[in-house]
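Note that the chains take the letters A, B, C, D, E and F in the order they are written out, and that residue 1 is the start of every chain.
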Amino acid sequence: MDDTLRRQLCEVSTATLCTALFKRGLRNVFLQDVHPIRADLRMCGPATTLRAIPAREDLDHLGVFADPEHPQRKAIDTCPAGHVLVIDSRGDARAASAGDILIGRLKARACAGIVTDGGFRDTPAIERLGFPAYHRRPSAPTNLVHHHMVDIDVPIGCGGVAVYPGDIVVGDGEGVVVVPRAIAAEVAQEAIAMSRFEDWVAAQVAAGRSIRGLYPPDPATRAEYEAWQASRFG
Amino acid sequence: MDDTLRRQLCEVSTATLCTALFKRGLRNVFLQDVHPIRADLRMCGPATTLRAIPAREDLDHLGVFADPEHPQRKAIDTCPAGHVLVIDSRGDARAASAGDILIGRLKARACAGIVTDGGFRDTPAIERLGFPAYHRRPSAPTNLVHHHMVDIDVPIGCGGVAVYPGDIVVGDGEGVVVVPRAIAAEVAQEAIAMSRFEDWVAAQVAAGRSIRGLYPPDPATRAEYEAWQASRFG
Amino acid sequence: MDDTLRRQLCEVSTATLCTALFKRGLRNVFLQDVHPIRADLRMCGPATTLRAIPAREDLDHLGVFADPEHPQRKAIDTCPAGHVLVIDSRGDARAASAGDILIGRLKARACAGIVTDGGFRDTPAIERLGFPAYHRRPSAPTNLVHHHMVDIDVPIGCGGVAVYPGDIVVGDGEGVVVVPRAIAAEVAQEAIAMSRFEDWVAAQVAAGRSIRGLYPPDPATRAEYEAWQASRFG
Amino acid sequence: MDDTLRRQLCEVSTATLCTALFKRGLRNVFLQDVHPIRADLRMCGPATTLRAIPAREDLDHLGVFADPEHPQRKAIDTCPAGHVLVIDSRGDARAASAGDILIGRLKARACAGIVTDGGFRDTPAIERLGFPAYHRRPSAPTNLVHHHMVDIDVPIGCGGVAVYPGDIVVGDGEGVVVVPRAIAAEVAQEAIAMSRFEDWVAAQVAAGRSIRGLYPPDPATRAEYEAWQASRFG
Amino acid sequence: MDDTLRRQLCEVSTATLCTALFKRGLRNVFLQDVHPIRADLRMCGPATTLRAIPAREDLDHLGVFADPEHPQRKAIDTCPAGHVLVIDSRGDARAASAGDILIGRLKARACAGIVTDGGFRDTPAIERLGFPAYHRRPSAPTNLVHHHMVDIDVPIGCGGVAVYPGDIVVGDGEGVVVVPRAIAAEVAQEAIAMSRFEDWVAAQVAAGRSIRGLYPPDPATRAEYEAWQASRFG
Amino acid sequence: MDDTLRRQLCEVSTATLCTALFKRGLRNVFLQDVHPIRADLRMCGPATTLRAIPAREDLDHLGVFADPEHPQRKAIDTCPAGHVLVIDSRGDARAASAGDILIGRLKARACAGIVTDGGFRDTPAIERLGFPAYHRRPSAPTNLVHHHMVDIDVPIGCGGVAVYPGDIVVGDGEGVVVVPRAIAAEVAQEAIAMSRFEDWVAAQVAAGRSIRGLYPPDPATRAEYEAWQASRFG
């Protein structure tokens, strides 16, 4: 993922990206009921995925973490720099998907963020870390109570949305959107253009202009905007 | 809606209004699971309503907004100043009910607020707008994914509560309550009186007094309060 | 509950306590979907319990509060100083479990906090009170709409967790955990030790160290930590 | 509960009883999402109640049933003949509230039925027993997994409805309604009258008559019905 | 709606219709969690719609039914013969959408069926009526407890699906599908063809043939089927 | 899986198996809210698993089934005879997990059953097939609307329970239980013994005997049962 794409996607909102994807027939791209711990941070990076199934008491005890190949610990230590670790927790926030130490390690390794459709523990500490983290709600119990982490970098569901490894995952203060890798560049460019237009529209609206003919623009408005844009960025 | 009524209703809490309505047999007046984007703002005004049904792919595409009569856009451009636009989104927050540009237009038109039992998009921008907005949770996808806005100013349900056009809609940091228009003035007056009494009670409690005989007041307390009130407000 | 235990439990996170309890076979100790009104406050104390059943219109009218023996009012006026009042609201947040005046009374009486798996009303005022209060979501309607408070200090469920009178209830910015009284002291000591170790681990991780062999610690790491600890606290 | 009352209540539907109670201001009397295992059986009797809280692993193991005072077993062996055992399972059907052997014992002891807002296990066997049993859905796990039975004959909630010991519990193929004891006789008589009228209405409707003026009846219809009734039962 | 179309649509399954609609880009046409009272009946007819909002205690009392213009009663007495009455109950099954007498009237008037995303009361009697009726679950309380019927023949949502007056509503033992009027004839014809093919496939599968190349058919299978069909129906 | 084990497990109830597994510390083995289409059939066999993630519009179109390697079709054609195909549908019943033709193929191939935590389509036809099938509720839409079948024979979750390929899956009229392969034989034997004892208990209870000392048995009852068993089975 090149820096331009990353910069562009961090500049636009998840709402604008949803609309750009809707234009391409993709209707289900926003993770449902998944919220930022820090609404002031932006997140963007390719997905590395981690998949959980329900825990079973005989298999999921504290001893499992002694194994460095345990998928949760391995995912934390191998998620590439710049990537977002996305965890399929089956929407179950009754136990944590991860906590502050593991998320601190992701930060130290220059990963881009972490997402689960379950919950995180140590959320006050995660908030202080200043690392992009999205979840359903805080959840103090250790993951072993309900989750068995089972494999890494397979296609998963998260928040009701398909996430394929390498998909571009973008987060803002509103939530998280998944952009298929193959169309990420074109979607980013379109979203940049849409954002600029919408900034102009918002300014017009704040100045008292009606949305009629403005949003969406009729041909006259479109011409007006293009003229303005040309005069400004020309 | 006259200014006195508006001022009175903005002065009392939704909790106090719920109790005043409960005394009149109205038990279901508080919108369930509908939250303010900005807890520091107050909202009060008559309801203008907008109703949505589920979207259908062939009818709900981006082209529909070119029609200035599209109910969502028309509602935004015709909701009277001082009114609250209340949207029946069938409790579905999977797609947005509105976004920052439309809400900015409501603000520019001096409307009093916006409420949905779905979600808004562009919530970080809405937060900056400083306009009263209440919803279930942030939702970035465009409304067309799940909502078809169908008519304006019909009776609706929102958050499980009946909302008739013209009902007085009041919001505080806790949520939103619906006051039937015909009893709004008497309810406001009673709520003002209740609020004053409860402020006095809270001060007594903070000073260490038991709630026994105080809240609710026995005759002695009632007399004591009335004496205090007379001495203070004469 | 002695001061040392209280101090220790206020020092550790609910997440760490959950793990210490998990080691003892207790998997279901964290109240689900119960959140702090003020994430910056800590709470710790023995549970005094209050139980609600669904309201019935003929029994639950505003007149009931004239009775000083009404369980809700009695609980507020008799909950011992230092105790946490825990309310079983059957997970129903459609009406309030309590409001700011009653919670103000708990504060004046030096109680340690209040918890419900329903909602509180007057939440803006509760936030200003600075008293630890945990609930599902704000709920303005008076409790009589849906709750009939029925008895005090019986075993209850709250947030899906068993709460026995006298159990130690601990809250932080993440939520609430219930520690059985009989093991509270040993759990607290273990949690203190775990917390110290995890603080050291977090510092190592922030400095760039891998979690491999660190968390959980292998024998070498364990020795390293003990040496560090001896040099520091020795 | 005398035989006439029992016979009358077994003759009318839960729907008719709900309407008779609605006329008296009682709106919340039908257990929500609680279904008969055998839709062909009728049930009627005073409530004996059993209350459950969430299980805790150290307290709820198979050994507890060796204690004859264990509330679940004691309730089964002491529920009076003719009574309905109503279990507050907090709406949790993940583990059973009871199974075929205990329900067989209720049948042998001439109890009138059993109700839970959780689930029963051994439902195929319960179906063969031919004993009125109402629950949310089948649930094979033993109650100890999620339920701790805690006390008998206290007021409870079941299916979102208040149930006081001694309330009259009536079940048909549709579900279960709770009739406060004090008004059971008058409600039964009214319901009998309503049922007879509705049977006559249904026959009229089947014969092609409009519901206009018929249901509810206008004065002419009322007179017609009374004349018919007089001629028939005169 | 002509008889041929009705006969065709009654011959095919809702599953086949869903696939035919999916081919046309319509993904959300099957009412979610809406079930037949009698799985052995088929239903087909244009939709007449009835819309409910939440009840309000002062407006929704038994007296309202004395008004022959009350929307629920009017809908029952004016729904055209051959039509299906579809009720938007906002998915709320806590109170009934209709009962056996009103449904009996629909039957007497030769309507085609009734659908709600709430519940019906008097379900044992409705079962005996032998009239197609689809709902979420049985619900004995009168509609006034939670529903206010507000208007007729407006676009509605039911079971999460858009229903426009005149849309063709088809029900079988599985549930209910909504077919937009304009494409009903072509969808019916395609579904008939698909059903015949699937019957042939099912027979092949029962005889031991692999689904590979059969379902969906490769060119050879397609030719084989067409030859068989020609020999049979030719 | 040998025939004796299969015969034994088909002879005992899922309830008894749950208890035998609870004795071994396994509390979460019964699939929640998963129901038989035919309550009169029994099912037993090793699990072959199929995993779904949410669909994406560009990837999940009817054309995908032309690929014989499509996981859903491949699973149907390769699930070994005697095995139960268990589908992880993420609890999403909005679209089908499979339909009658594919399930007919499983039957023709002598598989033992099919389970999903979503829904099946063509349920009336599946009922006629007489093949064990368990799901949440009927769902007519094709799987492509919401499901993307992604891989075969990986560990999955189904109904909130972990299912590993090869685990023994047992179904009766109540639902489905998962027995870890390694302990299946010992659990089967214990369950057989428990079932025999419980049959004897049920007969005692039907004859009027108290459950006190009987269930669970005290030493005298245990001796009595063993004597009876010895006299009967020698």
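Things worth noting here:
Please note the rule applied: contacts are C-beta pairs under 8 Å (C-beta built on N, C-alpha and C of every residue); 3 or more make two chains touch, one makes a residue touch a chain.
Just so it is clear, the structure is predicted and the values come from calculations on it, not from any experiment.
The chains touching chain C as well as chain E are B, D. The chains in contact with chain E as well as with chain F are D. Set against the C-alpha centre of chain F, every other chain centre is closer than that of B. The interface of E-F is repeated, with over half of its contact pairs matching by residue number, by B-C among B-C, B-E or A-F. The chain with its C-alpha centre at the largest distance from the centre of chain E is C.
Chain centres here are Cα means. That of chain C falls 39 Å from that of chain F. Chain centres here are Cα averages; for chain A and chain C they lie 31 Å apart. One finds 49 Å separating the Cα centroids of chain B and chain F.
Residue positions of chain B with contacts to 2 or more other chains are 27-28.
Counting only pairs that meet the touch rule, the chains in contact are A-B, A-C, A-F, B-C, B-E, C-D, D-E, D-F, E-F. Partner chain B is touched in their complex by these residues of chain E: 24-28, 53-59, 88, 90-91, 148, 150-151, 154-157, 160-163, 180.
On the side of chain B, the complex with chain A involves touching residues 62, 65-66, 68, 73, 76-77, 93-94, 96, 99-102, 104-105, 108, 121-125, 137-142, 144-145.
Only residues 13-15, 17-19, 22-23, 27-30, 32-33, 35, 39, 172-175, 177, 198, 201-202, 205-208, 210-213, 215-216, 218 of chain B touch chain C when the two sit together in their complex.
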